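Note that subunit A is present in both complexes that follow, paired respectively with subunit B and with subunit C.
What follows is the complex of A and B.
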């Protein structure tokens, strides 16, 4: 059963009084309790999509242009400020890339968690504090009773991310958006945080939208994935089908770019594969397929027409003329 | 807590050094200026008998070499003795403590107006950058920043005292009226408005500009996005999360500006006939009453040093990232 249905969502960024779509006609559904990964290079609109869902875009710089975000049959794109406040934190929450910068430096972590609880629950300050300590234990922060009164600068990045997770899960939300939750952490801590996230997910039954550019993480913990390129979804499907049979040239190159760890000589790291060029800037996106300039398989039609996302098999969809004609 | 006490001790020791240095510099600068109290007294008397002037200098100790005078001055300071005023013939400390309350009242009132006004206007301007509120506030604060104090004071007198007749233009009390305690307090308050506002406007302009810039900077930080994602009201985001962080630089600026406020108080007290330290200092310059002037300067510098010390502690309390290390 799907709990979130995004329908033709367009999010625009205003630059010099012109509006550019940074999220362009994106549609997807999120099933209850699943982990949906959204992958793509930096500048693909992944974070903008996440902020659009919670309506915490940096207004008036960015805004939702059109489309619907159906959550429990309510359209969040149309919801008023007060209605959004009852959803943010309580039913849908988010953790960010840089945990150290995401906590208020002049408030204790306990107060920051308690603020979340007090906003959505009828609870005394003292009970909120107790609950904050419980939450800190739940995310396995050592010495939770003492640390609850610490300020963020006294904690490490990994600890801060645990605090963020505790805060995000404080009100048992139905959806947790994790926007590159491990990018700013070092590798051993990354693994811990990911393990924590998937444990807590199975405990609380929350659906997770995991935004990342690390495909290894996706293979590890996601159920389905969306591949985003230049604000659009270019391929979507279950992890098994997309990794097993990547259809879009961009997806294939992304998978090729995962460091393999071994080169021609045992133990030596070979040359890393790369995708040449970079994501076209907002004012340089043209009529055809946005990826055509960087694509090795591009045909003439790719530069004039825009491919749309079409189901190729089962749950697997792709937006590429070449891939679609191969399948036909 | 222990480290806080040690820090306090260390900072106090430092401050004493600063105060002694200030005393020496005050003394030397004033002795570079031509003329002394005896010249002025002779001038006021209409004529001067050279022998009598010599005798006066001798009795004041003004005939001794500068370094001996400096030594005497410092030795007296060490004993908390600011000396006698040449002009008034009473102890300088008595004169200072007589005028101090008026100046403190003026300073505290204008700093409060400046801080509160600056914060409110700065926050308002930052809420919608580029809006008509923002443009108006920025323009007015630029004007306030650029307008000389004395001119502003005179213009306020013209408008509110002469044209509208709403506020008194001079002094601290209404002469010849017997008030109850509350009546007297209200009377002082009534007299306080114009000088306090005049003195406050310049500083308010500074605080407004800094507050606006700081708010905008903090608005762009990631923890504000976190705060918004919690479902709390925008008002709470602004006041609880953004303002608390944005106000910190204002606190340190406040300490630096106390000296400037004292300087501004001299001008304002002269313009509005406010019977405070500033006017006493102003008069003492023309009377070459060095003892009095040095006393006031010394006292002011001690005041500024103490306020800065307090501001440092306040800052350490407000910002947990500042750890007190002795």
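What follows is the complex of A and C.
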């Protein structure tokens, strides 16, 4: 059962009085309880998409241009400020990459969590504090009773991220958006935080949108993924199907560029497969396929027409003329 | 191979704090040969960056010796250190923070030659142009400013600056961790090309074992200021001989492991302890899934283990015999099952 349906969403960024689409005609659904990963390089519009869903875009610099975000038959793209306030934090919440920067440095973590609870529930400060301690226990912060009165600078990065997760899950949201939640952490802590997230997810039944550039994390913890390039979805499908048979040249090259953690070690220092060039800037995007400038498979048509996302098999879709003609 | 290019012996780096001395690097020894890449890996707080800085003279050492081509650098004054500085260069993680936003790219790359009073203006300009081409940028870019470049291009500029004075050894402190995988691959390939063409040595400080696996001839694993494990490329990866190395490897997610759960430490909130007050005996024992009584009592020395390299672990023979098992805990996390001592 789908809980969120995004339909032809366009988010625009204003630069020198011109509007450029940073999220361009994106459609997808989020199923109840699943983990949907959104991957791509910096500048692909992943975070702008997340901010659009929660309506926390830096307006008026960025705005939703068109499209619908259907949550419970309501269109969040049209929702007012007050309505969004009742949804954000309560039914849909977000954790960011840098936990240190996301917490208020001059307030104890307990007060920060309690403030969040009081905003959405009719509850006394005292009970809110009790609930904060409970939440800190739930995210396995050691000595939760004592640490509830600590300031963020007294905690490590991993502990701060646990506090952020506690806060995000305080009101048992139906959707949790995790924007690069472990990028700033060591691998050992990363594994713990990801394990914690998936355990809490199965306890609360929340759906998770995981935004990351780390495909290895996606392979191990997500159910489905969307590959974004220059603001558009170029491939989507289940993790098994996309990693097993990547159809879009961009997805293939992204996977090939990752240094492999297993397999034989050759005698020579090996070269990695690289993707030449970089994501085109907003004002340099063309009529055709945005990836055509960097693509080894591009044909003439790729530079003039834009490929649309088409289902190739089951849940697997791809937006590439070459891949689509191979399938046909 | 002849004498090592760089030779560190029993290096100690201490920071003075209000609560006493903090030993960030505790009695470590390391050789780097010409044309070799040695990777220094460990979590935040392990002292890996501090050791890198101590080698280029950015942190004073408390005791021990650091020799470059046989010359002791440890006790040298700033002035006496100057000629050796040319041979030792550093590339930092953040290509945004390492470039002065108010200087043009040409001026930034020229700066080391100005500091060391090398060449005429024309010669310096030619060298800058050559360096820009060398790192895959174009000579016309020298009049531009850092904000006009992407993260990957900036890291190329930082590398060009490090190459200006023909160094022998470059300390690369997490040079690709701020970059996207696509760009990361470009920069790693550039470093490999430069090594092949110029015979450079690298000390590659990183927490990313999959990157290290790809580029290092030799690996050194550091934990709370100590080396816990070292090994050669050929035999380091298949048989992680220290429980900490094993933990790092297992925690690293892989694209080849679709759907496989991540392995985590058995304890809740498994974090590196404070270096102010390290655990007695083996420093890793508080997080180790295989710790026994002896691990709290005496500190294990770094010693050779079979053909695998060196390991500082009392129980490494037990572990090397393959007596490690994994199982699911009550939350269905995959955790190592403690073996009985």
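As a convention for this text, the second predicted complex is superposed on the first by the 319 of 328 C-alpha atoms of A that agree within 3 Å, B and C clash if a C-alpha of one lies under 4 Å from a C-alpha of the other, contacts with A are read in each partner's own complex, and residues count from 1 in each chain.
As a convention for this text, a contact is a pair of C-beta atoms (placed from the backbone, for glycine too) under 8 Å apart; a residue touches a chain by one contact, two chains touch by 3 or more.
Worth saying up front: this structure is predicted, and the values here are computed from it rather than measured.
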Fit-or-clash call for subunit B and subunit C when the two complexes are aligned on subunit A: fit
Contacts of A:188 with subunit B and subunit C, given as first, second, both or neither: second
Contacts of A:31 with subunit B and subunit C, given as first, second, both or neither: neither
More subunit A residues in contact - subunit B or subunit C: C
Touching partner for A:115 - first (subunit B), second (subunit C), both, neither: first
First, second, both or neither for A:239, with subunit B first and subunit C second: second
Partner chain in contact with A:104 - subunit B first, subunit C second, else both or neither: first
Three-chain overlay, vertex subunit A: subunit B-subunit C angle, C-alpha, nearest 10 degrees: 80
Closest approach of subunit C to subunit B (Cα atoms, Å): 8
Of subunit B, residues touching subunit A in the complex: 221-223, 225-234, 240-241, 244-245, 248, 318-321
In the complex with subunit B, residue positions of subunit A that touch it: 51, 54, 56, 81, 84-90, 93-94, 96, 98, 101-107, 115-116, 119-120, 151, 153, 164, 167
In the complex, subunit C residues that touch subunit A: 37, 43-44, 150-152, 180-186, 188-189, 192, 195, 207-211, 213-215, 217, 233-234, 237, 247-265, 268-272, 331-333
Residues of subunit A defined as touching subunit C within the complex: 41-42, 140-142, 156-159, 162, 186-192, 194-195, 199, 213-217, 219-221, 239-240, 243-244, 253-255, 257-263, 265, 267, 269-276, 278
